[in-house]
Amino acid sequence: MSKPLNVTIWNEYWHERNNPAVGKIYPNGIHAVLADGLREHGFESVTTATLDEPEHGLSQNVLDRTDVLLWWGHKKHDDVADDVVARVHARVLQGMGLVVLHSGHFSKLFKRLTGTACTVNWREDGERERIWVVTPEHPIAQGLGRYFELEKEEMYGEPFEVPAPDELIFLSWFQGGEVFRSGCCYVRGRGRIFYFRPGHETFPTYYDETVQHVIANGVRWVAPVMLDKNPPANTKRAPIEPIGKPA
Amino acid sequence: MSKPLNVTIWNEYWHERNNPAVGKIYPNGIHAVLADGLREHGFESVTTATLDEPEHGLSQNVLDRTDVLLWWGHKKHDDVADDVVARVHARVLQGMGLVVLHSGHFSKLFKRLTGTACTVNWREDGERERIWVVTPEHPIAQGLGRYFELEKEEMYGEPFEVPAPDELIFLSWFQGGEVFRSGCCYVRGRGRIFYFRPGHETFPTYYDETVQHVIANGVRWVAPVMLDKNPPANTKRAPIEPIGKPA
Amino acid sequence: MSKPLNVTIWNEYWHERNNPAVGKIYPNGIHAVLADGLREHGFESVTTATLDEPEHGLSQNVLDRTDVLLWWGHKKHDDVADDVVARVHARVLQGMGLVVLHSGHFSKLFKRLTGTACTVNWREDGERERIWVVTPEHPIAQGLGRYFELEKEEMYGEPFEVPAPDELIFLSWFQGGEVFRSGCCYVRGRGRIFYFRPGHETFPTYYDETVQHVIANGVRWVAPVMLDKNPPANTKRAPIEPIGKPA
Amino acid sequence: MSKPLNVTIWNEYWHERNNPAVGKIYPNGIHAVLADGLREHGFESVTTATLDEPEHGLSQNVLDRTDVLLWWGHKKHDDVADDVVARVHARVLQGMGLVVLHSGHFSKLFKRLTGTACTVNWREDGERERIWVVTPEHPIAQGLGRYFELEKEEMYGEPFEVPAPDELIFLSWFQGGEVFRSGCCYVRGRGRIFYFRPGHETFPTYYDETVQHVIANGVRWVAPVMLDKNPPANTKRAPIEPIGKPA
């Protein structure tokens, strides 16, 4: 493809400015580190948007030129305006790719796309997470070994109340005794969605090279084959074959 | 199971009272015919609810004692109150079974459960529909032959913008040249959902013995294995295995 | 259903007679303990079959009256005659339910049904296995809590080279750092298959009450809705609708 | 990708030499027309292999340098040597892509990969087939409209006894009253498989531009992300985390 993908990274950008420990790890925000990682993986057109911008930085205009959106949120899910959520949701159904990161599992957007409560069990004790590749043939797993490790992460444990993923890529093992479906692919409308678990704000997860590699793979996988600006409506159609009229 | 299933049939009940042609076919409403059919199939506890009742007949109390809900709507989707939709949605995630009939595909409830636009192509020319059994082993297909026919039905054609069903049971052939995924099973939270296509209000579809048989099979399949009144929340958990504390 | 399910338990029955440590745990064979467990769960018609019997105890006659077959094998996969495998495979496609236990993942039968190599990583260090319920609504998970534990088991680790299961019920956490898809449901032809991981011969796993409970749930879930003794063939059919003949 | 994909087209090449009507349509064989079509779609490295060649033209050497294999067979399924089938099967599990065409559904290879009987209903009356796109976002559907038509084709009707496809792309409508899952995607091991229904030998289907387009899309989709010449074996692994030894 000659035209570069337009990637927009959305971050609520709250912890980094209100929790000094997080601010120290991500002084310019999680979105800045994600953007750097994608640029290093060859994505030329990467922009960011945050909660405090007008329309959360996600105007119709911005969405219309976005091919792939990344979403990180946690503390401020409820502050995301419903009409912006509806706009992003509609755009995913048109074909915009979506990568949902970590606590984005509980965003209005992901709950709306999955139709479920998206609840998890969790623990913030900074334990070891080992992420196993279940589907080695999948493009999102390209370049990975059997597993990769994060020395300190928040635990998310099953049951993860989501629809059975269309494709399951990763399973996490946690030191404290839990497991989690950490890489889940969905198709909704013409849009592809990749949920990727790691990325708690108090750990430097998004600096991890393997994590950046997986996110880059994810962006490529969700990138639209086609974007249909005229999404389907309930549409009346004439018969193609001859039929008799009802009596 | 000794305790009978409590089945509630919801119908917007508008066409039957406003369109004489429909009223002639279903003088007491589509819900009444559906209820009769289920009673003939051995369901002992069947009640009905309609749009014009207080809370559309779907108070928390009614839902709490409902094991399986059937849903028929068409003209008045937008008149269904959002808080009732939210209540039914939450109850499905708790484990209440749901059978969505015909134009219920475009209800607020089904769109909320699927996360998609649920659009179809359609034509109201009263043509022949032949419904093929794709998954003969499935309990919903029990007792059916290779296919069954409805002499006059509304056409619904692909693409049907829904998530890929967890199980696909039926495919429809239409005289005018289209096909449709007419029997789709989903699991959302602890609830099972069966979408069954036929049932346009201007045709006597719900008097059809095979259609009644399939709906009875569907009610049995979506019936909850367990109903969890305390649905999962994001829950903090202590480690099961010993782990070191974060530095 | 008034007629009791006919359950046949197949076991290679080699370790128990050749390894004293195993013989001490299962003096009458793994099959005997599995049979006792099912009888305690209300199954009235349970018989067993082993490798050394004529036709491995799986004559056409035996299979014809078997509704659900359990399969445990490990050391002697290659000694199972190809024609018996073909016969069992055909019977599964007709609708006979199949529960594949532990190292049965590498049997000729399971490889033939899945079309894959069915390889795993493994370790026989007797470590703790914690089995998490991923799909709490599923009949196979009925009556279980969030997880159950086996104090000592063999480890099986991902990747498990099987087709993506039609339904994923359990995920295992192992003390040594691995995860595994331990409860996998498949439909093949008219037959249902449940693969359940635990059951290494050197540990008393099949005496465990929860394991017995899951196997009983599994037998009920794979039990056939219909058994078709005349399985589908490539069949020539006349047109249902009028068509012109080819020129 | 700079390195061109190596595509091998396998054809039993019997009808074309033994049935004059077929020989007139495909004088150099179906494989020659398929090869021309792929070359016109930009595939630079396309070779063919047929039943009568030594080892059916599918030596280990040929397979080792094949990225994607196409398979057309019908009359001579039983003449394909079992060891060649085993070799191709193993190569698919390693990651070689496979496109199975039309009556290849009943080949030893496809039955071995699916684990099922792969039966269909059929009729050779040269009727109209209309192929509907069910999953417009999928790469295999790229560039297609809502449906495409073949004026004369053999009918294949449901039930198609295969595992539920991992992704369902096309549904066929037939003039005579049947439907069929005509575009089915599977992953087996590290290999991707695309089954595409059309292509009866007595009709000029493989000259059709849309059919050629879909096959080209299919070849791209099954093309391996990675090819693993050392496929997984049951492998003993040391623990990653410290565990106690069994008593």
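Should a chain be cited, it is by its letter among A, B, C and D, assigned in written order, with residues numbered from 1 in that chain.
The rule is short, and it goes like this: a contact is a pair of C-beta atoms (placed from the backbone, for glycine too) under 8 Å apart; a residue touches a chain by one contact, two chains touch by 3 or more.
Since the structure is predicted, the reported quantities are computational estimates derived from the model, not experimental observations.
J.: Would you pick out the chains that touch chain A and also touch chain D?
T.: B, C
J.: Between chain B and chain D, how many steps is the shortest route if every step has to go to a touching chain?
T.: Between chain B and chain D, the shortest chain-hopping route counts 1.
J.: Among the chains, which is located farthest from chain D on the basis of C-alpha centroids?
T.: Taking each chain's C-alpha mean as its centre, the farthest from chain D is B.
J.: Out of C-D and B-C, which chain pair has the most contact pairs?
T.: Between B-C and C-D, contacts are more numerous in C-D.
J.: Quick one: which of A-B, B-D or B-C reuses the A-D interface, over half of the residue-numbered contact pairs in common?
T.: B-C
J.: If you average the Cα atoms of chain B and of chain C to get two centres, how far apart are those centres in Å?
T.: 33
J.: For chain A and chain C, what's the span in angstrom between their mean Cα positions?
T.: Centre-to-centre distance between chain A and chain C: 37 Å.
J.: Could you list which residues of chain D touch at least two other chains?
T.: Chain D, residues with two or more chain partners: 121, 130, 135-136, 157, 159, 164, 166-167, 175, 177-178, 187, 189, 240-241.
J.: What residues of chain D sit close enough to touch chain B in their complex?
T.: Spelled out, the residues of chain D in touch with chain B are 121, 130, 132-136, 146, 157-160, 164, 167-168, 171-174, 177-179, 181.
J.: For chain B, which residues are in contact with chain A within the complex?
T.: Going by the criterion above, the answer is residues 89, 93, 106, 112-117, 119-123, 125-128, 152, 155, 157, 159, 161, 163-164, 166, 175-178, 186-189, 231-241, 243-247.
J.: In their shared complex, at which residues does chain C touch chain B?
T.: So the residues of chain C in touch with chain B come to 95, 130, 135-139, 141-142, 166-167, 175, 187, 189-192, 224-226, 228, 240-241.
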